[in-house]
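In this document, chain identifiers A, B, C, D and E correspond to the written order of the chains, with residue numbering beginning at 1 in each.
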Amino acid sequence: APQYLMMATTTSTDNTGLLNVLAPAFEKATGIELRWTAVGTGKALELGKNCDVDILLVHAPNKEKKFVEDGYGVNRREVMYNDFVIIGPPSDPANIKGLDVISALKKIRSHEALFVSRGDNSGTHTKELKLWKEAGINGLDKEKWYIQTGQGMLNTINIATERDGYTLTDRGTFIKYEANHKGTPPLVILVEGDKLLLNQYSVIAVNPKRCPKVKYDLALKFIDWITSQEGQKVIGDFRLMGKQLFVPNAAEQ
Amino acid sequence: MNYILEGFIGAINLLLTKDPETYSAIWTTLRISTLSITFTLLLGIPLGFLLGHYSFPGKRVLRTIVDTLLALPTVVVGLLVYAFISRRGPFGELGLLFTIPGVAIGQFILALPIVVSLTASAIEGMDPKVYLTIKTLGASNKQAAIASLWEGRYAVLAAAITAYSRVISEVGISMMIGGNIKWHTRTITTAIALETGKGEFSMGIALGAVLLAFAFFANTLVSFLRRRA
Amino acid sequence: MKDIFRLENVIHQYSGRTVLDIQNFEVKEGEALALLGPNGSGKSTLLRILAFLEKPTKGRVYYDGKMVNEPSFAHRREVTLLLQNSPLLKRSVEENLCYGLKVRGKTSNMQEKVRTALEMVGLNPQKFAKRKWFELSGGEAQRVALASRLILKPRVLLLDEPTSSVDSESAKVMKEAILKAKNQWGSTLVIVSHDLAWIYQVTERALSLFNGKLINHVPENVLSGNWEPRNGSLFALKLSDGQIIMGAGNPMESSTALLDPKDVIICAEKPEEDSALNALEGTIVSMNLVRDTGQVLVKTLVGDKTISSLVTEKSMKNLHLHPGLKVFLHFKASALKWLQ
Amino acid sequence: MKDIFRLENVIHQYSGRTVLDIQNFEVKEGEALALLGPNGSGKSTLLRILAFLEKPTKGRVYYDGKMVNEPSFAHRREVTLLLQNSPLLKRSVEENLCYGLKVRGKTSNMQEKVRTALEMVGLNPQKFAKRKWFELSGGEAQRVALASRLILKPRVLLLDEPTSSVDSESAKVMKEAILKAKNQWGSTLVIVSHDLAWIYQVTERALSLFNGKLINHVPENVLSGNWEPRNGSLFALKLSDGQIIMGAGNPMESSTALLDPKDVIICAEKPEEDSALNALEGTIVSMNLVRDTGQVLVKTLVGDKTISSLVTEKSMKNLHLHPGLKVFLHFKASALKWLQ
Amino acid sequence: MNYILEGFIGAINLLLTKDPETYSAIWTTLRISTLSITFTLLLGIPLGFLLGHYSFPGKRVLRTIVDTLLALPTVVVGLLVYAFISRRGPFGELGLLFTIPGVAIGQFILALPIVVSLTASAIEGMDPKVYLTIKTLGASNKQAAIASLWEGRYAVLAAAITAYSRVISEVGISMMIGGNIKWHTRTITTAIALETGKGEFSMGIALGAVLLAFAFFANTLVSFLRRRA
């Protein structure tokens, strides 16, 4: 039987359709089938800890580093990034359009404008919390204007849509959302381009010393391939509605 | 394996320390499920009687459709209800999305086929002489229906328990319609889904144990009622 | 007295099989009617139609002078039926008795009524009122079922084998209870029973059903078997001891004949030979006084068949009839009536 | 003949209430035993114990010489019981009959056996074999239930009210079927019935149950009511026409007395006054020949009570007894046996 | 609203064009559910009979526990099974994670209480005389159990239909244990969850309609069988 590699990844890579392009390209290049389960970042890391997958593709740099430091993973390589954006209703009740992130969050706070948070410890949520912290705003948990959905990105955007709220999203998912609305989304990008909003994706092989049964050799092959020019080109060429979703950056390391 | 042990300790912890998030989820679960099961039983038991008792053309097809609706996945129910009550849907004005009544509507749709189908089975399985006996004693059609259901009370109760269990354990509708909004529409099951998604498996198990404790409490009550009937 | 029920051209079928075919049938208000007939003749079906539980496949049913097309519960509140092997409701005995009162909204004095009704059927209220439905013997359950009809003081009381599992003492008690319903409350009674001795004590008039058809004849002397054609229009039925019954007429498919006990004469000697006259030798096995008439129903065993004859007290005395006596039964071949 | 059943000190209780209390009870292999007694006396309970469906609360049950502690299905394959108001299985008539054969693995020749069994109970196999369980009248269902026991040719056949809803013709057919089981297959029979006339024709020996206790006495003449103490150890029971029955002894709580029909003498005149001798005036209502004995059971209506007496053919002839005759019944106050 | 209509058109499209992803999900659903329901019925019906028929100390408590287990959320079942069959769990060696048998184990746990509880109710609701009748005809205990279940066949069938519907409509276990791996463990319900997560609501509805068509087909078969019994 042909060999296969088991990957745990976050929903954003699957929902945007990137993996549907990456997997066949990888198989064509190496003859190895890529199978993936798309889950939250936290769950993906947990699956890795339990040796249930061979490789991870996730986007929560701090947690990833800790994962490697604790000996659960090896060979972490950054692969690509996209960026986060703050979206909201075109009427922009807190007047944040064009501001930098920190000022925008402060304005949302002072207007008590509705903000929808994922609240699920995902990469995006972690990022959002970090930004609030940098803006010097705490104690959000029980604020009336601050809603925590505990759901995936797209569902969270949908809730923001229903409620005319702001939210922080990765650009890939937003483009997908735009596509769902045939290019005329009810929520629009209001804040983007800030350095603080970078969203880095990395691959990590599960540590074969802890998990003797993982297919470490295949994992290495995947890491080699995706960081190679060939793999990076596939990422760079991936388009949705004519827009690039991810910027390959393996070479920068 | 550790998750399970940790989970059970966690459950006891949550309950004993009166963890506010957990109690909020329990309370929300109780409100939603009470609302949905009440309407389900009020409509489902009579419909089940009609379907089980009367013969009419197309009955077999109708029965098959009801049984088919037992297989409605919660996400699909969620999507259907969402289509109607979203702001852009026909009932958007009512503001039911992300509210407890909104979720209850979805759960009602989920549980109705269960109650109808199992009640109909209970009635069909009954000795036809029982219904005749009730009628010979002078009952009107409605009184006879009630008395028949009382004769089959154990089976009807089983239908109710099955439906209630389905409702408190479902997650798709609560997630889609309720939005799993913390302090508002987060139920025990949506909280479990969230924790699991975070990789907090033992917390997921802990909340699962809390839900079961809740169900056990409800079933114990029922079991006492059953004994008296 | 006016008719409380009238059936016209009623036909009832189950999956295409006709089980009831009644051209005319009346029940007078206040009368006590016995409905007899062998198993499967349609008695229970007829009672279900009278109780408005079933609509006949064809035909008209009049109740209290009016044709009933869509029976409502108002009809069923006047007419109550004790089903054959009636189940009890899964409640206590007391609650079984109260149910009919409750659906009528007659909730006053229920305790008292329950007590009276249980006593009417010979059950001690103290012992039985609180029992659960399954804590009863067969006959006790049967009597509770009757009590829960009597408690309603119905206008029409239809009873399907009320005494089928009841002991003889209790059957007597039930007889009185039923007659009380008739005499004190004016209830009309239609009763099906195979216990002829019992039912003759309760009813004034008897009709029989055979294969779904009504016959104005008590179903004594049902002669069925293999009727063989003889000379002329005579047919012969062989009995187990070799004797032969001759019947005149046309047996057709059913080959069942009825012989009215009035048409059977008991003699001490064998009469002269006559092929159209039956003269069967047999032994008297029982003699029963028929209520109110002074006549006696004498049953004589002839071969393996028991033949009943109705005799007056006078001729009984003259002949010194008694059980165990060998006698001859005379009746004409033309006395046999063939069932269709 | 050896005992097939022996019960010793058997007590059975339902929720603390003792419903059966039997010190000794034997059934001989091959005999036909009638079990009589009023409703609720424990007949069905006893049959369930004999059929190994229920274990008595206390006491020992011997079957075929061995004590049975844990009845197995091997026992139940030899002993079969027709329950009171036995339900049919929800299958066709044919399948109902075959079920018992199938569980025994006796699947050869089933069609033929079904045919024979249905004919034994007087049902036409062509008409009935394919019917569904609910397409039967009460009596037909009862006969199907019996047929599905007969088809097993059981070693012991226990019947609980086999004829309760069966017409008299069919009851006769059933009698023959049951006697065939006894005579041809050597089956032991224990039969409960309230139809005394029928059961006397089938069984050789009769026992009665009263309040769970066995009594070697046919339950004719059960005199229950309000026994009032008189002088000495005499008690009096008032009848509806003012006559009085005197009983000697101690009625205790039950206040039910039995009077053996053999102890009742029929006279044409009233004897001289004697407080310890009963002399009741009444009218003969029926006279029945008792099978094989030549004796006649005479029933006399006294007030509202029917009292049976057993007379020989000779004294019957001497007195010219006949239904409708006014007679005097004599019996000693000490002839009454009190039930505990 | 639109997506409901689009969904139905989409469903017909998927089925008519023999969309390979859809057919793969249908096939996977069929394989998993057949496996799980077979074992559930094989174990659940006898257990239900025992629980419904016999009286023993602690029966009422056991009954209450079974009824409580009806409320097991799928995610929790998923977590529990995961804890055992994860590589680091006690049965990790068997390699059941992300496989069809693995999911079937979870669904078995989900459906077992349904079958046990409803079968027990069916048996309890039966006239005790029926069992006695069967025994008087000479049945061994096992034969009597089978015949009783046959007497209550409509109720037992209702239990089976309810359990099967639960199994094909569940998503939590399939997601957690199966991993929703395309071409391998993606079932109709996990595909619905995925599409819904992507915001492809009409595709979600379309797949939901496909699932219901599948259930309708199964129920129609059952309804013919029922007619013949």
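Keep this in mind: a residue touches a chain if its C-beta (ideal position, glycine included) is under 8 Å from a C-beta of that chain, and two chains touch if they have at least 3 such contacts.
According to UniProt, the chain labels map to these proteins: B, E = Binding-protein-dependent transport systems inner membrane component; C, D = ABC transporter related protein.
Everything quoted here is computed from the prediction, not taken from an experiment.
Enumerate, in label order, the chains that touch chain A and chain C alike.
Both chain A and chain C are touched by B, going by the contact rule given at the top.
How many angstrom lie between the centres of chain B and chain D, each centre taken as the mean Cα position?
55
Centroid from C-alpha atoms only, then distance chain B to chain C, rounded to Å. What do you get?
53
Cα centroid separation between chain A and chain B, in whole Å?
36
Which residues does chain A have that touch at least 2 chains other than itself?
Only 155 qualify.
What are the residue numbers in chain D that touch two or more other chains?
In chain D, 85 touch at least two other chains.
Counting only residues that touch at least two other chains, what does the list for chain E look like?
Within chain E, residues 88-89, 127 contact more than one other chain.
Taking all chains into account, which pairs touch?
A-B, A-E, B-C, B-E, C-D, D-E
State the interface residues of chain E toward chain D in the complex, per the touch definition above.
That would be residues 127, 129-130, 132-141, 143, 147, 150-151, 153 of chain E.
Which of the residues in chain D end up touching chain C in this complex?
Going by the criterion above, the answer is residues 14-15, 37-41, 43-44, 84-85, 135-140, 143, 160-161, 164-172, 194-197, 219, 222, 224, 283-289, 294, 296, 304, 306, 313, 316-317, 320-324.
Residue numbers of chain E touching chain B in their complex, please.
1, 3-4, 7, 60, 63-65, 67-76, 78-80, 82-84, 88-90, 114, 117-118, 121-122, 124-125, 127, 152, 154-155, 157-158, 161-162, 164-166, 168-172, 176, 188-189, 192-193, 196, 201, 204-205, 208, 211-212, 214-216, 219-220, 222-223, 227
Quick check: in the complex, which residue numbers of chain D touch chain E?
Per the stated touch rule, the residues are 48, 51, 53, 73, 76-77, 80-83, 85-90, 99-100, 103-104, 148-149, 152.
Can you tell me which positions in chain A touch chain B when the two form their complex?
39-47, 119-122, 141-142, 147-151, 155, 159, 162-163
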